[in-house]
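Quick one: the structure is below, and I'll ask about it shortly.
Naming follows writing order (A, B, C, D and E), and every chain is counted from residue 1.
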């Protein structure tokens, strides 16, 4: 029991990690970036290329990839988001669907279709706490997830953070405050692309690296964000961990074959009970 | 300080402004009157760079700002309190005020002092400073919008119908505040439906009709103009 | 009659199209699939475009329609005349059920709830082997039979599907021109105002889900009749996202848009497939999606409107010329 | 065959210089992971044959269609291949949904269909123009459990299987074989997983609870290493066995030491074995035509499909009508010349490969490898 | 004239700790025009939201023509003859002015969804009639030429009028208006108040109106209720109110 719960927390923190970038974009532009997972995958391949073909060590490839991810964020912004800045949210979401196809297709062509193994952050022996076996690497991932979550949470209280939220709520009014909407948007795309890369590189040892490595994580991260509350940064963590645990418990005690069905039904039910997610604040427009 | 020459604004086929000339001297309060749809809001939006299809020239402190981006214009010291309040509904009152001072973010400003200055004008806002702005009453939102516009310490303050939805006692207050701010050296461009109040506090006024300036002059003079009285003052 | 001239001409073109060009079988298959997507997209547009409610689980309804048809046809040997009303009933009930969370959820929360519904159903199609045949699906569905005529060939199915498209369009057009359609749009624009004018928001949201589920269900039924076999992995999240893409590309809140979008999305791979570069059609499809929303933010139907505006401008210039 | 008014008996897609061949599979999108290497495997073989002058002077032209792993698109592409491109045969079609979706159509047309990239037993039953090559999963499941009981003396067995066609058929096979041996009680736990699962802690726990001597794991490449790693983490000690799907280095490189000692079945002689001439040719040729890729098990599958098809062509000689080709294929008798061994086709026997052997994975940082631990064995 | 149209009995509602309305009681007679004034944030709009059932009061009840409506759903309120406008204009933005007015007639269009799918003759006739009526009302308010405009492109003042038209077209008995004259100048405001009086007589309306524009209130209201901090601080004719020291202190200044 405790083993599956701990495992659930660890898997859940992967979902949460992947969800943070999603939430960031959503908070700035109300857009759900369907391509978040593919961006993560693409960046992870870049890291892999640095390590195997350029021969760089992990601790150099990692930050280098983060920089590349930032560039990818700028490219996505310049080529897709900016030209669409006057379009409605749905159009942008469809464009990110298109981006999935482009990134997935290109990744296959550039990096090949084989599944590869990707190194862990740290390689230490499993530790055993109260009969639960734990990988130190997983613990580190959980910590990193929470650290990123907390930094984002506090970042959003600063002037720049408030500016990001202001842009999401009213673009013209934000401009009237002297906020450069372009700069704010490109910044969030850069950060979220970097988050994607981080997520990808930390998740790859678990899912292994290939063009599909993020598909399941991405779907679940989306669920995690919504379940926890799409407009908070604490939400994805809560949602992710909950989904991770839920799936394992349903699998263990009800049915492994039907666990996805159960998990989704439970998500729907939880949402109906708390329509803004577990941590989300309800905001109703006043008339 | 602000010189507008032959300004035209179009929305598709609608010609909202058809060549407007306006000249605002530093330190003045200038008001603009006009009935619904006359193009008053369009004028302010053109100045702050929020309309796309415009022509003519707009000079601010001698600098051509016609084709500048809104954020640049604003950082030059123009503050625009827009029509329809446009507060950020999901930010708290205090966050709304804070973002009002965004252009001062790199200067050493004591935000707390600035908050207190606004709260002194509108004590109601202080009571509600942790409330999410979207749930404020209409008038409270209006106060917030004005307060937010004051936070950036502008050289030119443009107010689009600030008295809209405010109780008479606050309307009087607003005019007093405008006067006070003006006396601190801020130039004010004021759009008002409350023509009486606007004419009383302003130095100079323009009357817009169907996108054109139909008359202008010293506010005191206009206040006694028969035509103006009939169309705007309900007399 | 003159009023409907345009519509009649368009219909005539579609009736004659396969006869004149004598398309090969595989292209007819593709056209038929596109036709089925047209029906789904129209219904989905009523939900998303008009009522403003998102769903990322619509493939489930298509699947339900298809599986219901498959089961009734193979196990009970029912005629399509009976199957379709049953499909309407079942997908309507499920649409109603999915509509329930929609009463409380909005935006992404609704998107995820419906997505969950879709994922859950795609697993059910796979797992509930005794009913759905599991991964082997169901084969041997009888072709629709009308007074002894069997709709077996691709061409006959084309007309069979065309009939449903025409009915779908007429119903949808009438719906949005009248009370129900307006109520849906009202809810989309302002729930508060709608309520204060006597529109029962819950009821109409449910109706929107119900109608679009029925459209999808019937389309699913057509799907089963076209291929005469069903497999679970057809009705997955990918299909739901495709449906979404169709109406955004074609035009939100536009019936013509649904038609154009469905045809566009189903047929582009056909035009891109000749590029012999690895993955090219996949990548280009993605690129096209982006370009479409970039250059036609109101959907491809906007081409027609722009064309009309352009014509008018030309005419106006001429008029002026006369004056001078 | 069709339309043979002329004296030549050539079927569609064949002329004096070329033979057109079609294939369908997912070559874009997620499942391209399988589709592309498999396609390249075929392409490599055909290129080699063509460069050597073709078969009886005819070069083989491969037309590949992408079905995105959808049965409806597969059918549409099938119609296109048969009726528009007029191919002579369908070779190496990939994917259970697509293969099932086109089954009726190809049967109706009678076009030769060689090698289905799926282990579903429906194609062995199809007979006629169908020539499956790859061993079907039911057969393999039986073989695995037989080995576990007979050779490994297992008294308790758990199976962790992917919740898809492959896994379920494998489970069927395991159960059927145990029933045949009267040992149904040996199977202590059946644990399904979803193919996309990431977290296998519950699965492994469930299997570990019954303390099985042998645990059979069936699933695609990514899940199996995931399960092995989780088992290692939880300290679950058992003899793992898995399917030929994982009989290449991918499993070892992904699971590393956790895969040490895992027993796998194989039907393609170990492609990593330097002494295997057939395999060596495959690897060399593949690298020649696709220098940037590492040949894996999927690529080998494509190669085998092409190899078997071309052998049929050679046997048919100039009688390249569909009937002629089918007849020629039915002369395969324990054919061992290619990578795949022991293929026999008769009018009612279409099981493809019916003999496999077992290997043991050896984790060695420098040279991870498989070691053969049995001869080719069958179920009879 | 003396029948009670609306009766508020001891209404209280709180948001968090704050009482937006505090034990408020008053009534409105049939055919009256009652003004509600009070400082910003006094609870006026909240009161309207309670009538509309968007908010549920914590205590107290509301009677419409003697009938308790506290348990009604928001969409049923109109069936009691009450319809409202909104402080910040709630028009259906993506629909034309005409369509907005057709929605105003929603519950008066008597046909079911099936007959509308096949567009029976009856449906067509009802729709035609509804359109005619829409134009009638638009013309009465002098905005007939805007029928095919989208509200976003209209000046604020016109939008307010469209909203009024949309409310009127549903044949209400009680019209509740939240700052109808906001954004209008004095002349326009007086025109509007005259128009409202005319409409009141023409359609036998009872009107409750929130407005900060004192000339408007003076011109139109039979009676005025003054709120402050959710409590009623005064009630009386406009002239009485105007000179009430409490009102002057809290509101008029």
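In the analysis below, a contact is a pair of C-beta atoms (placed from the backbone, for glycine too) under 8 Å apart; a residue touches a chain by one contact, two chains touch by 3 or more.
The chain list, named the UniProt way, goes like this: A = Amino acid/amide ABC transporter membrane protein 1, HAAT family; B = Branched-chain amino acid transport system ATP-binding protein; C = Branched-chain amino acid transport system permease protein; E = Amino acid/amide ABC transporter ATP-binding protein 1, HAAT family.
This one's a predicted model, so the numbers in the text were calculated from it and none came from an experiment.
Peer 1: Under the touch criterion given at the top, what is the topological distance in steps from subunit B to subunit C?
Peer 2: So the least number of steps between the two chains is 2.
Peer 1: Please identify each chain that touches subunit B as well as subunit E.
Peer 2: Joint contacts, listed by label: A.
Peer 1: Find the chain most remote from subunit A, comparing centres computed as mean CA coordinates.
Peer 2: E
Peer 1: What is the distance in Å between the mean C-alpha positions of subunit A and subunit C?
Peer 2: 31
Peer 1: As a quick test, compute the distance in whole Å between the mean CA positions of subunit D and subunit E.
Peer 2: Centres of subunit D and subunit E (C-alpha means) sit 74 Å apart.
Peer 1: Between subunit A and subunit D, what is the gap in Å from one C-alpha centre to the other?
Peer 2: Computed value for the inter-centroid distance: 36 Å.
Peer 1: Indicate the whole-number Å distance between the mean C-alpha point of subunit B and the mean C-alpha point of subunit D.
Peer 2: Here the centre of subunit D sits 74 Å away from the centre of subunit B.
Peer 1: Can you list the residues of subunit E that touch 2 or more other chains?
Peer 2: Residues 45, 54, 86-88, 90.
Peer 1: Using the touch definition from the top, which residues of subunit D touch two or more other chains?
Peer 2: 28-29, 32, 36, 163, 194
Peer 1: Of all residues in subunit B, which are in touch with two or more distinct other chains?
Peer 2: Where subunit B meets two or more other chains at a single residue, that happens at 135-136.
Peer 1: Let me make sure I understand the interfaces: which chain pairs count as touching?
Peer 2: A-B, A-C, A-D, A-E, B-E, C-D, C-E
Peer 1: Taking the touch rule as given, give the residues of subunit C at its contact with subunit A in the complex, in rising order.
Peer 2: Subunit C residues touching subunit A: 48, 100-101, 104-109, 111-113, 115-117, 119-120, 123-124, 127, 192, 237, 241, 244-245, 248-249, 252, 278-280, 282-283, 285-290, 293-294, 297.
Peer 1: Which residues of subunit D touch subunit A in their complex?
Peer 2: For subunit D paired with subunit A, touching residues are 28-30, 32-34, 36-37, 163, 191-194, 196-199, 201-203, 205-206, 221-222, 225-226, 233-235, 250, 253-254, 256, 292-294, 296.
Peer 1: Hey, which residues of subunit C end up touching subunit E in the complex?
Peer 2: 170-171, 174-175, 177-180, 182-183, 185-186, 188-190, 192-201, 207, 253
Peer 1: Which residues of subunit A touch subunit B in the complex?
Peer 2: 159, 162-163, 165-166, 169-170, 172-181, 231, 283, 285-286
Peer 1: Can you check the complex and tell me which residues of subunit E touch subunit A?
Peer 2: By the definition above, subunit E touches subunit A via 45, 49, 54, 86-88, 90.
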